[in-house]
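Structure, as structure tokens:
The first chain written gets the first letter, and so on, giving A, B, C and D; residue counts start at 1 in each chain.
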Amino acid sequence: MAEAEYVLELRGITKIFPGVKALDDVYFKLKPGEIHALMGENGAGKSTFIKVITGVHAPEEGDMFLNGQKVSFKHPTDAQKAGIAAIYQHVTNYPDLSVTENIFMGHEKIQKGTRRIRWKEMHEEAGRLLKELGAGFSPKTLMGALSVAEQQIVEIAKALSVNAKIIIMDEPTAALTKNESEELYRITERLRDNGASIIFISHRFEDMYRLASKVTVFRDSKYIGTWDVDEISNPDLIVAMVGREISQLFPKTEAKIGEELLRLEGLGKTGYFADVSFSLRRGEILGLTGLVGAGRTEVCETLFGVSKHDKGTIVFKGQELKVKSPKEAMKVGIGYLPEDRQKQGLVLQWGIGRNITLPALKRFSNKGMLNNRKELDLAKQLAEKVGVKAKSVFTLASALSGGNQQKVVFAKLLTGDLDVLILDEPTKGVDVGAKSAIYEMISDLANAGYGIIMVSSEMPEIIGMCDRVAVMREGRITAILDREGLTQEAILAASMDDSAPATDGKKGAGA
Amino acid sequence: MEQRLIANKKELTLKGFFLQWEWLLVLLLIGVFVMNSNLSEYFLDSANLRDATMGFLDKAFIVLPMVFIILLGDIDISVASIVALSSVIMADLYNHGVPMELAVIICLAVGTICGWVNGLLIVKYKELSAVIVTLATMIIYRGIAYILLEDQASGKFPSWFKFLGWGYVGGIPFILIAFVFFAVVFWILLHKTTFGRMVYAMGNNATAARFSGIQVDKIKIIVFTLAGLMSAITALFLTSRMGSTRPNIAMGYELEVIAMVVLGGVSTAGGKGRMIGAILAVFLIGFLRYGLGLVNVSAQMLLIIMGVLLIVSVAIPQLKQRFAYARRK
Amino acid sequence: MKKFFGIFLTAVMLVAVLSACGGKNDGNSGGQASGSPAAGGDSGAKKKFAIIYKNTGNPYGEKEMEGYKNAIEELGYEAILKAPDQPTAEAQITMIDELISQKVNALAIVGNDPDALQPALEKAMNAGIKVLSLDSAVNAESRMLHINQADPERIGRTLVQGIVEMIGGSGEIAILSATSQATNQNLWIDWMKKELEDPKYADVKLVKVAYGDDLRDKSVSETEALLKSYPNLKGIISPTTVGVAAAGKVLTDKGLTGKVQLTGLGLPSEMAEYIQSGVCQWMYLWNPLDVGYLSGYAADALVNGTITGAVGDKFTAGKLGEKEIIADGDGTQVMLGDPFKFDASNIAEWKDVY
Amino acid sequence: MKQAATNSAALQGAGHDKSGSLSANIAKFRELGLLLFIVILSVGVQLRNPSFLTWENISDIATNTAILSILAVGMMLVIITRGIDLSIGATLALSGMVSALTVSQYPDLHPLLAVGVGVGVGLVCGVVIGFLVSWINILPIIATLGMMNVFRGLTFETSGGKWVSAHQMPESFKAIATGSVFGINNLILIAIAIYIVAYYFVSHTRTGRRVYAIGSNPESAEISGIRTGRILWLVYSIMGGLSGLAGVLWVSKFASAQGDTASGYELSVIAACVLGGVSIAGGVGKLSGVILGAVLLGILNNALPMINVSPFWQNFIQGSIILIAVLVNALVKRGIDRNNLMRRKI
């Protein structure tokens, strides 16, 4: 069917979720046998876009053409039949089933008459695919027992098994080390050479430069443009993605660095991270970055008492700190803005008022009895302080845009009197306007004397906001870089390099 | 970012106020009264109605904490066994010469401990659902009751104990007064205290509640312990009404209680529902049963009616969602 | 708007359910009680006699209630038949309350528990309702009179004599009872034990009392356990309808006819099979119809004052002729007569009756 | 039945987890543990009562366990999909009663037809529940709770309070449960047959595997285009059908149909599954485990009376065994996870 100029074309796609416009009139064209990078920051609408292509979501408006024919998928199976396969960012698999089944789920090989599953063939086929992808594990292993990278490979094998004409990869490299990424590049190119067209989603430039011939950029769920990769310069691309010059986006003001608040000494947790050491001081913004799954979030959750560490010590304001629960952590003055605000940060079914006051019920209750008047006043005052756009404090959190939801979560932090704020991906899935507002808020907080740990995978904001940056890889700190001379290359090197961790004074022993 | 004013007063629309599950229950309650008074001339008789409450309020005490449990998205099917165990222990002690007052206190203690054990197991073994844990303890608690009392039925309590289940204060059944008292207490606990607020938070999103510094485990244990305590209170009233106890009392109460809570509009998914709804449901089911009893509807027909009522009452919110969703599509 | 629609839907559906029940129980009460109790006014004039059985769906109980109903209708009054779905005292208490509200004249009850019903029944008596128990008694304080289907002593002794005769005077025997709390069974078992103390049973040995809880599966596995644990068991006495039938089934399936003897109290319909096949040479039961019938007349006698429930009172019980009240522990009772013996000769004519 | 257990276990091994993967091994080990426990228990009982391990008694145990184990298959599927079914006791009673009434009306009805009637009734019940759960998505525990009452009530209504007893049933009907083929009781054969079919279903058919998929990860089941609703519906229908079958067998075995047949039996069935290591969290559960669980319960029911354990202790003992079993499950699972973490080199 190659006579059509585009294997896949989408025109004016709009997808609306209750309260949010996830896709706003976006366009996309995919040529046969090309690798087309789709770029944009978190929350730009990339993931929704894929789900539209694969038939998980039906768009409210817009048309979709496959080899020139207009199609509309009622159901994921329709997309599969049409030869579209997706490798999702959050690996979607069946931990209790074998790798083979995960690969063939939805299109098992079955005997004609008896409709019996042909295990032997499936296992062999799966084994072959895995070998091609250079995987070392047996197809009969249970999925749950594999590492993220390994599961990533199974997902790709899945796409291969349906010999899909169009393969969509959603941030496949987000969790991979350099070698693993190289491996992935190789595989991807081979897929292309075998005639598949690939949509490669990422917000990492080297992915694009290494693989793609074309790049399309989304921002704030809008279509920004499509360029040949060698046509567009790096800064222009950043502007396209971020919406304005880095400099004007990050209002980083020099806060006066005060005394030390927090010090980690050889912190370790079996299976998650090992011998993590850094310190944080008043007024300082410490960036904590690295690949997804490098152990950043785990470290933060340990500081916040969500989970326990089994090695090393935390020193807080001079004496050793042992927090067993978030409640205690907040009592001593450590606050945490969780990574997933919908699951961890908010009660979506509640009004923003109740959400804001939840951590501070004590402040407006006496002997356990609530005082609604006081509560509402506090909620109102905080909601206005962080500039939430909402009609009243009774507006449901689920009805807010990502940015406003995030502001509500910030407001929750302001209810207690804290010294250390841990912000885990504070701008994830937030539109540019809200972003700059949040950055403003962060640097204000730093000036106000908070010590801030900012976890993020967004290079620009790390570089733009932080005084120092600690880079993690595979559960270890591989570098702590100072503000001057802070470059993407340096960070990426430290976070992806497979050579022995470039230890900054610490020994890479243990665990 | 320009400052915008955010209202902190709720704009009350009349429709919003009246379009609530609870009003529907009120309507139904009225419906039941109309229907019953047509069916039997004995129904609308103050004395009868008054005494009818004595008949169905004993299990209602468990409904109150069960609201909390189901709000948490959990379920406790061991309550009936706790009733049996605490009642049996009380009777046994009394018949071995322990003064009744003390026996009563011990009864309450036993119930509380049983509930606490449930809670503890559930938070310590999160991978086990509350259903399974309480299924096991349900069998165990009743098992202990059997071991203690074997084939005896134990009774012959002092006369004052009979007052709990049969006595009146100023012409009002004591059990009714007691229930009203506890209902008010639990209503305040759920709707007016930080504790209740935390329970709602956990029911809607346990993780977020935890990250907001709520000690989820502690709260869960307290809730299940409360269920134990109230089961013991039910044990007191039930035993008093029966004048004697045996290991197999209160069989199947857990199901009736859960049915009442669900009919009361408390969502089994957790986080949604109010105390008042459950309380209305108690009287709705109670008077419905009583009325049908007055016209001697056969037991099996009652079973069917109750079953259908339960199904319909949970089906409706679901259907509403479906329709709403279909509309959006 | 959506919401309104939802609520509207809700109301419609639930009301539908309720009215449905309304409709049902009209039709139903017709079947349950003779004459519609819902038919206000005049029903005050007509005397009402109620009976509460242990639990619904038990043919023996249906027969007892039927007998009661027959008697009451012979007398031209209205009979109300009730039975809870589970055999529990709680449920019976609720029903007693309902009957008190209906201002019935008399209330006959087959107790699920001797003591647990006392408060409720006392309340009924205070409300001027005549209370009597039949079949399985409630304690003396909570009744005016008990209708005894047969003298427990006679039952106990007859059953032992029967099994001993079957096994030829010597060997191990066991008892398969109902639930461990069943008042009647426990009483009868005591009498069996007393009878066995008699020296002439020197070489008859009662090895175990097992409880089948009147559940089929449990009774079966208990019987099997008996046969396993006591290989030279000669006879089984099962004074409960479910138990004896289950035992008969097991003996049949294991082809132990003649090797292990079986007797007890069983429904002819249930036992016909095994009596004809000889698994159980004979067994006993009284006629539940008569038990109910007698209770009906006793209730009437109490209501119109011919008897007060005191020892020595006499009354005529329709076709059963005159009956006298005798002492029973600290209460009083009327005895229906001796248990009836069913064997191959007469089972055929009874198996379709009850 | 035992051999059915073992070879289906073997086959399942062939099915998917014949890998070196640790968790798989521990899962196997778990069943061995259960088996070991059964053996120890049997030996213990044997010492107390030599007539326990006689061929006759073993076949008794098998016969009495057959119905339980048949129901357990259905319940396993239900639980794997993260559901539960409390209504099976009532369904069993209803279908048993209906088929009994049918044969008492038409004594010369072919037994297979009688079975058909029972299964049919059960199937209908199952379909209704399936509809409530999958389409109106009512929480399974609530839906089945309500329908339990309804079915139980209907049983009483249809029977009109009567029992159907031995002499009303034709020999051919009673023979369903009592008859035997070369010395093995029909019930056992039927159970074995069901297990073989079930084994084929869960490990060799697409639908069977998707039952696991749904339980293992509903969200991605949606994404990979599995029609979750239909499969749920199917699972509850199967459960209903099996309950119907069990109903007929029950009535034929005890030659009597009552209104209160098998009330509370659902708990034993759930217990069998839980003992067999079916995870309430969904996605996990093997026939080999379930059958062991059923056998363990069967042995308990048979053994406790035989070693003169006071009947009043039996509740407590069974409850404790269930609790211990689930706790051990949980701990083993934690062990697996910890090991997986250890293996991650950091």
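Operating definition for what follows: a contact is a pair of C-beta atoms (placed from the backbone, for glycine too) under 8 Å apart; a residue touches a chain by one contact, two chains touch by 3 or more.
None of the values given here were measured: they were computed from a predicted structure.
Minimum number of contact steps separating chain A from chain B: 1. By the count of C-beta pairs in contact, the leading chain pair is B-C. When chain centres are set by their Cα atoms, the one at the greatest distance from chain A is C. Centroids of chain A and chain D (each the mean of its C-alpha atoms) stand 44 Å apart. Chain B and chain D have Cα centroids lying 31 Å from one another.
Averaging C-alpha coordinates per chain places the centre of chain C 34 Å away from that of chain D. If you average the Cα atoms of chain A and of chain C, the two centres end up 71 Å apart. For chain D, residues that reach two or more other chains under the stated contact definition are 152-153, 155-156, 259, 312. Multi-chain contact residues of chain A (touching two or more other chains) are absent. In chain B, the residues that reach two or more other chains under the touch definition are 150-151, 298-303, 308, 315, 319.
Applying the touch definition to every pair of chains gives A-B, A-D, B-C, B-D, C-D.
Note for the complex: chain D touches chain B at residues 84, 132, 136-139, 141-143, 145-150, 152-157, 259, 267, 270-271, 274, 279-281, 310, 312-320, 322-323, 326-327, 330, 333-334.
Residues of chain B that touch chain C in their complex: 15, 19, 21, 24, 27-28, 31-32, 35, 38-42, 45, 48, 51-52, 54-56, 150-153, 155-156, 162, 165-166, 238, 241-246, 248-252, 288-290, 292-303, 305, 308-309, 312-313, 315-317, 319-320, 323-324, 327. Chain B meets chain A in the complex at residues 1-11, 192-195, 197-198, 201, 204-205, 207-215, 271-272, 328.
Contact residues of chain D toward chain A in the complex are 14-24, 200, 203-206, 209-210, 212-213, 215-217, 219-220, 222-226, 283-284, 340-342, 344-346.
On the chain A side of its complex with chain D, the touching residues are 54-56, 75-77, 80, 88, 92-98, 100-101, 105-106, 108, 110, 115-117, 119, 138, 140-142, 144-145, 147, 270-274, 295, 474-476, 511.
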